[in-house]
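Multiple structures follow.
Two complexes come next, and they have one chain in common, subunit A, joined by subunit B in the first and subunit C in the second.
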Partner chain A sequence: MYTIQLFDVITTAGVLYIVALGLLLVYGVLKIINLAHGAFLALGSYAAVIATWLGWNPWSALVIALAVGIAVGAVAEWRVLRRLYVRPLDTILATWGLNIIIVQSITLYFGREIQFAESTITQAVNVGGVTYSLYRLVLLLVAVVLGTLVWLVMRRTQIGIVARAVIMNEELAEALGINTRLVRFVTFCLGAGLASLAGALITPLVSVHPNLGVPWLINAFMLVLVSGMSLGNLALAALILGGAQVLVSSYGNPVLGSLTIVILAVIILRFRTIPT
Partner chain B sequence: MRLNQLLLMLVTAILAVAPAQSQEKKPIVIAVPVGLSGVNSVVAPAVVQSAELAAEELNAKGGILGRPVRVIPLDDESGPAGAVKSFNTAIRQQNADVIITMETSAARNAGAPIAERAKVPFIYTSFYEGRACGDYLFVNAWVPEQVVPPLIKFMTDDKKVKRWFAVGSDYAFGRGMIEAAKKTIKDMGGTMLGEEYQPLQQSDWTAIISKIRAVNPDAIIYSTSGGGPNIDFLKQLKAAGLTMPIGSLSIDELTAEAGGNAAEGVYYTGDYYTGIDNPENKRFLDAMKKKFGSELKTPNALSQQEYDGVHAYAMAVEKAGATGADAVLQALPTVVFKGPRGSVQMNKQHHAPLPIYLAQVQADGKTKVLKDFGLIDPGDQCPQLK
Partner chain C sequence: MTYRKTDVLTAACRALAGETISVLGRARRSLAIFGVSVLLVAFLLASPVVLGEYAQQILSQAFLFAIAAVTVDLLWGYTGILTFGQSAFFGIGVYTVAIALAYYVDGTLATAGAIFAAMVGAALAGAAIGWLSFWDRASPIYVAIVTLALPVVFTQIILSGGAYTGSSSGLPIPAPFLSITQWYYIAGGLLLVVTIGAYVFVSSDAGRVMVAIRENEERCRYLGLNTSRFKIRLMAACSAVAAMAGGFYVLFSSVAAHSYGDFVFGTELVVWTALGGRGTLVGPIFGTVGVNYVSAVLGGNLPFIWLLFVGFAFVLSVVYLPQGLVPAIGYGLSASARSIGRLLRQRPETAVAGWRLEPWAAEVPTVVRSGAGVPRQNGVIGATEEVPALEMQDVGMQYGSLVALRGVTLTACRGEVVGIIGPNGAGKTTLLRCIADGRERSAGEVLVNGHSIGRLPPQGCVALGVSRKFQTPNVFDALTVLDCLCVARSYRQPVSAWRRSRTVELPEPALHAVEVSGLMSMLNEQAGHLSHGAKQALELAMVLAQEPTVLLLDEPTAGLTLDERVAIGTVLTELAHGHRLCILLIEHDLDFVRNISTRLVVLHRGEIRLDGPLSETADSELIRSIYVGAAK
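Moving on, here comes the complex of A and B:
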């Protein structure tokens, strides 16, 4: 029982981390909450549906999802968001509008009914004396890999260093000749791509329909709010909040469990020192 | 002379036809307020198609009492506010003779009093939680008492299930279905090892699945909200390697098929499946295909009853000899329509004993009908009504 709960806690944290990563990146660099995050998750899931229609290997959905997310993100940044960075409040409206446009476009083409997407892995494995979903364990691995990759990009590459300069002090970075416009563009595309990739990654766990991103957006939003701009904090927050949700659901009930993330987020926000 | 005669004949002919045209009989209007937008928009188009096929068949045979039949679909937006608007439109602007439709319970509860006040018969064609009663309200689909006990009995007798685990979505219908299941399980001498409810917006079932694994029941009985949540739960259950028999109180053919192999092996009961093997169902499905072609929305357990409802109404009007509400309401419980589901008569307190079938989802997601339980009584739904 305890082994299973340990698995439940860490794999739930892994899933939450994957889902929130793109949102965190956009929030960190652009200082905007991308309310279209849920729609990008849905885009990724429909990439898996398309891969199934084409008869491609289910894993190819990940590549399609990443490409579609980056492409749609690029258009949105280029045509809309770019003009709104000086009006941060308006970006909330703009990204929410983008969310509606994407979700309705999906609905127009695919309809509201649920769609079938081939799953990559459906079997369970025996680990440490318990049978557990192999895919959830794989997701945990994916979360670690994705987290490490983004961390390496931010720490070890030119674009990462520039991005961090923008995070720390945008005016100064701009004064030093850094093309902040390009940094914002690349970051938003990456964030959208990661969100869409996350959508494809969670598809084997959920049913595919246009609004599938909504519940995930809410949890990701809470996680990003409490973790500020740090990848490490995000992992910690996913572990604490996701873990608490699983444990409260297991020992109490799932209705209380779903409240846990929200309540804990409020408490953490109250006592967390504000990063400057 | 010849020419004059010809002209005279022509004139008389025109005069004879003209009044006939102006006296063209007033159509019988069947209003179908249904969720063309909102949560029901997945099934609503199939409901409208069911009504349109029934109307076409009636008109081909000369209509009802020689009057043509007209179907008017309206959007109830899947909720009470839209239902009020569309019922008022149906009754006040379209002069509907009857309302025959599938709706959410909230929409039905909002619409039924409007129909009652205007003295317009209302045939409700959706399965629901039961105990909706009114002098003008008739129901031709199932209530929990008709589908839950047969499923539990089958699993207890044939699958030797004694220790159960119940899972539901946390809302009225989900909880109601599980309550009905618990009652039958108790009557059958089974034990309930656990009972868990998941909030509607949650799609991660991890904690509940771990609880199921910990107590290792003989079988799972569940009732989520319709569509997607079924597949969320079943996909995760399968991925977790749990293989006990599963009885579903919320899955339907379309959802099972969209889930691929996620729902493989799941048992469920109902009054309509496309796979029901009788000549009426075959004829119905062929006619639907012929009429709608590539536009066809697959008939399902929420849409087929609309077809039966329209035909039952037509039989009642023919029998009553008029469209007046009192006469029609008196005739309605006495007529039997033999349709794709079998013979249906709304003679039990405005509800209908229904042919109930057991089905199982196959590896490709398609549903196979395994067994016919025969007519199952709805029990006491509205004791104050006849």
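Moving on, here comes the complex of A and C:
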């Protein structure tokens, strides 16, 4: 019995990690809070809906989602965000505006009703004496792979090192001839792409409607702020807060469970200064 | 210590002129408010003649939403607190009244009681949120987080309430039967009352403090203002008003729905406010009424397109018109009015300062007059000269493993000008910070006029007599020179939430600084438009307005011309010798330090290396070697 809960805790942490990764990347490098993150999640989910409509292999949704997310992110950065980096509080507003635009566009095309999308994996497996959803276990693996990939990119590649230089000291990076504009552009596109990919990945766990991103956005936002800017901290935060959510939901009240992350994050942040 | 103006007659004349003008000005302000209200009431009463029932219904709803948008504007546009959570307070109003009427009470009086209870409850919740959000070192993002979490929590509570709260299907209530026109009058009347109240508030002394907090909260704290308390009170008041709007709204719509307290509604209030124009009162009202009216009039699939359009308009306005549409239109109109006026060779009636329509900013007649200092609340000013003004005992400061200050022991008395010199990174600014903010130091004790500063925040240290001038000029850019001085004085006089004072009483040294620097002729200039030197002088005057006994100056001459330096030097010497202030001065210009200091302290790598009267230390070998870099 406890095995199921253990699986629930770690797979929930994995899902939260996948969802928050793009937000962390954008917040870490660009220092902006991307309130359009939820809309990018929705884009990814609708990519899965389209794949179902076209009768394609459900796995192709991931590729569509990544491409759509990067493309929309590129337009958003190019037309809007580029002008706002000097006004950080206004970027919160502008990204919420982007959220409205994306969500309303989806609503116009697909309508408000819940859509169906084919799942990639539906079977369950027997692990450690319990039957558990294979897909959730795969998501855990995906979380580890994505996290490692982002870590490797940041640590080992030229663009990652440049991005880290921009995080640490933007003026100096600029003075050294780094094209910070390009770094920001690439980062935002990647963040949007990751968000959209996450949306496609969580599709089997949610009901697909235009506003599906809002609750995820709020939880991801809290996790990112609690974890500062580090990938490791994000994993830890996802594990602890996500775990608390699972435990409160199963032993206490499901409503209280859905509030656990938000309330714990507000309390943690009250006693821990936010790096800005 | 009392300051006496030598020319008593001039002072008396000035005071008299000031009183006369201020009485006239005050009468003018209330007359204008009264006139505009009468006009608007007449307009409201007459408008049902041309408006159909449907339009009245839509407008009634929009008016109640607009009240909530005005509270968002007071918090965000005026004070700089970005809040997504006003919807939750609106929701508290909706559900308190709905639950009271659905289960417990009926009748007009009881309904009024329920609305009042909702307002009290929301005020308490708002104060609690404020207490959570506005601790001294909170980042502005933290407030946004808390206010974002609030509607989420509220909605979940409503959804989990089952039949009691109506959960997701809504809670119908026995609403009072009123005609649509009656509702239109009620909603319009409420909006009018709230707007006029808000106008009186933002154009009062407290409104000035709000803008000062938005512009530069740290400076406000170092001017002795308890900004956290101010913001908590404002939050509580705005929450109560939003709850009132919610209470009336549920009576109007007769169904309580959780969507009136959720996150999306909270962001919509921000969107409407931003579109109309934050920092103006008409902006959020026009934004709310416009967006709601159009979306209600459109039918079929059009509302989705309209929302898409609103999204685009919102993004465009954030990028290109951050102040919103109404100020932009106002600016355009006033610019064309000005050019027409120029054509007619007449002066225009009103001048709009920049893009922001600050009430009364440009036309207030003003006089600065000197006043004998108001007695200090804690009596520190009467401290005898025997107690040193400043004592630091073994003060240390560490950032992680980096030691910025170690074992600093320093005593300074009134009438001394202590020049603190040392190379970059020697810990000079850290030293000043440890005196002006009790929470900074990691070891040791600081006494000001014999009182320990303990762990007091900056505003507490100001009350003990410490004032700090920052390295870069730190003034309130959006306020006028006079307003900056008013804010600087406002910790001594209780800040009125409805009156606007047109005079400011300055102690003699501050007045002197204003006169010497030529600021007297620029009282209605916006501080952001002043030259670097004038800003430095203004900040010095603001700091002196605190009547400090210990004055901390961080490179007051940086970036000044030689003439300005000489002027500042004379002011400082006069302050120390004439008014017996204790001045600590960080300076890189050794000649300037030699000219005005009575004592030199040399800091190097966080330790005091030399401390003595100017005559003994000025030519010391150590200073030369530290600056050249030969010291070990």
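Everything that follows uses one rule, which is that the second predicted complex is superposed on the first by the 272 of 276 C-alpha atoms of A that agree within 3 Å, B and C clash if a C-alpha of one lies under 4 Å from a C-alpha of the other, contacts with A are read in each partner's own complex, and residues count from 1 in each chain.
By definition in this document, contacts are C-beta pairs under 8 Å (C-beta built on N, C-alpha and C of every residue); 3 or more make two chains touch, one makes a residue touch a chain.
Here the structure is a predicted model, which means the values were calculated and not measured.
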- request: Determine, under the contact definition given at the top, whether A:Ile33 touches first (subunit B), second (subunit C), both, or neither.
  value: second
Task: Name the contact category of A:Leu134: first (subunit B only), second (subunit C only), both, or neither.
output: first
Query: Once the shared chain is lined up, is A:Leu182 touching subunit B (first), subunit C (second), both, or neither of them?
result: neither
Query: Looking at the overlay, does A:Leu212 come into contact with subunit B only (first), subunit C only (second), both, or neither?
result: first
Message: Output check: A:Gln123 vs subunit B and subunit C. Expected answer is one of first, second, both, neither. What do you get?
response: first
Message: Quick one: is A:Leu172 in contact with subunit B, with subunit C, with both, or with neither? Answer first, second, both or neither.
response: neither
Query: Touch check for A:Leu152: first (subunit B), second (subunit C), both, or neither?
result: neither
Query: What is the contact status of A:Ser258 with respect to subunit B (first) and subunit C (second): first, second, both, or neither?
result: both
- prompt: Once the two structures are fitted together, what part of subunit A is touched by subunit B and by subunit C alike?
  reply: 214-215, 218, 253, 255, 258
Message: Which residues of subunit A touch subunit C once you look at their complex with the stated criterion?
response: 33, 80, 83-84, 87, 89-90, 92-94, 96-98, 100-101, 104-105, 107-108, 211, 214-215, 218, 221-222, 225, 253, 255, 258-259, 262-263, 265-266, 269-270, 273-274, 276
- line: subunit A partner, complex, touching residues on subunit C are 82, 132, 135, 137, 139-142, 144-146, 148-149, 152-153, 156-157, 159-160, 263-264, 267, 270-271, 274, 301, 304-305, 307-308, 310-312, 314-315, 318-319, 322
Touching residues on subunit B, where the partner in the complex is subunit A: 41-42, 170, 196-199, 201-204, 206-208, 210-211, 213-214, 227-232, 235-236, 238-241, 254-255, 257-261, 365
Message: Give the list of subunit A residues in touch with subunit B in this complex.
response: 1, 4-5, 8, 11-12, 15, 111-119, 121-125, 131-136, 204-207, 209, 212, 214-216, 218, 245-246, 249-250, 253-255, 257-258
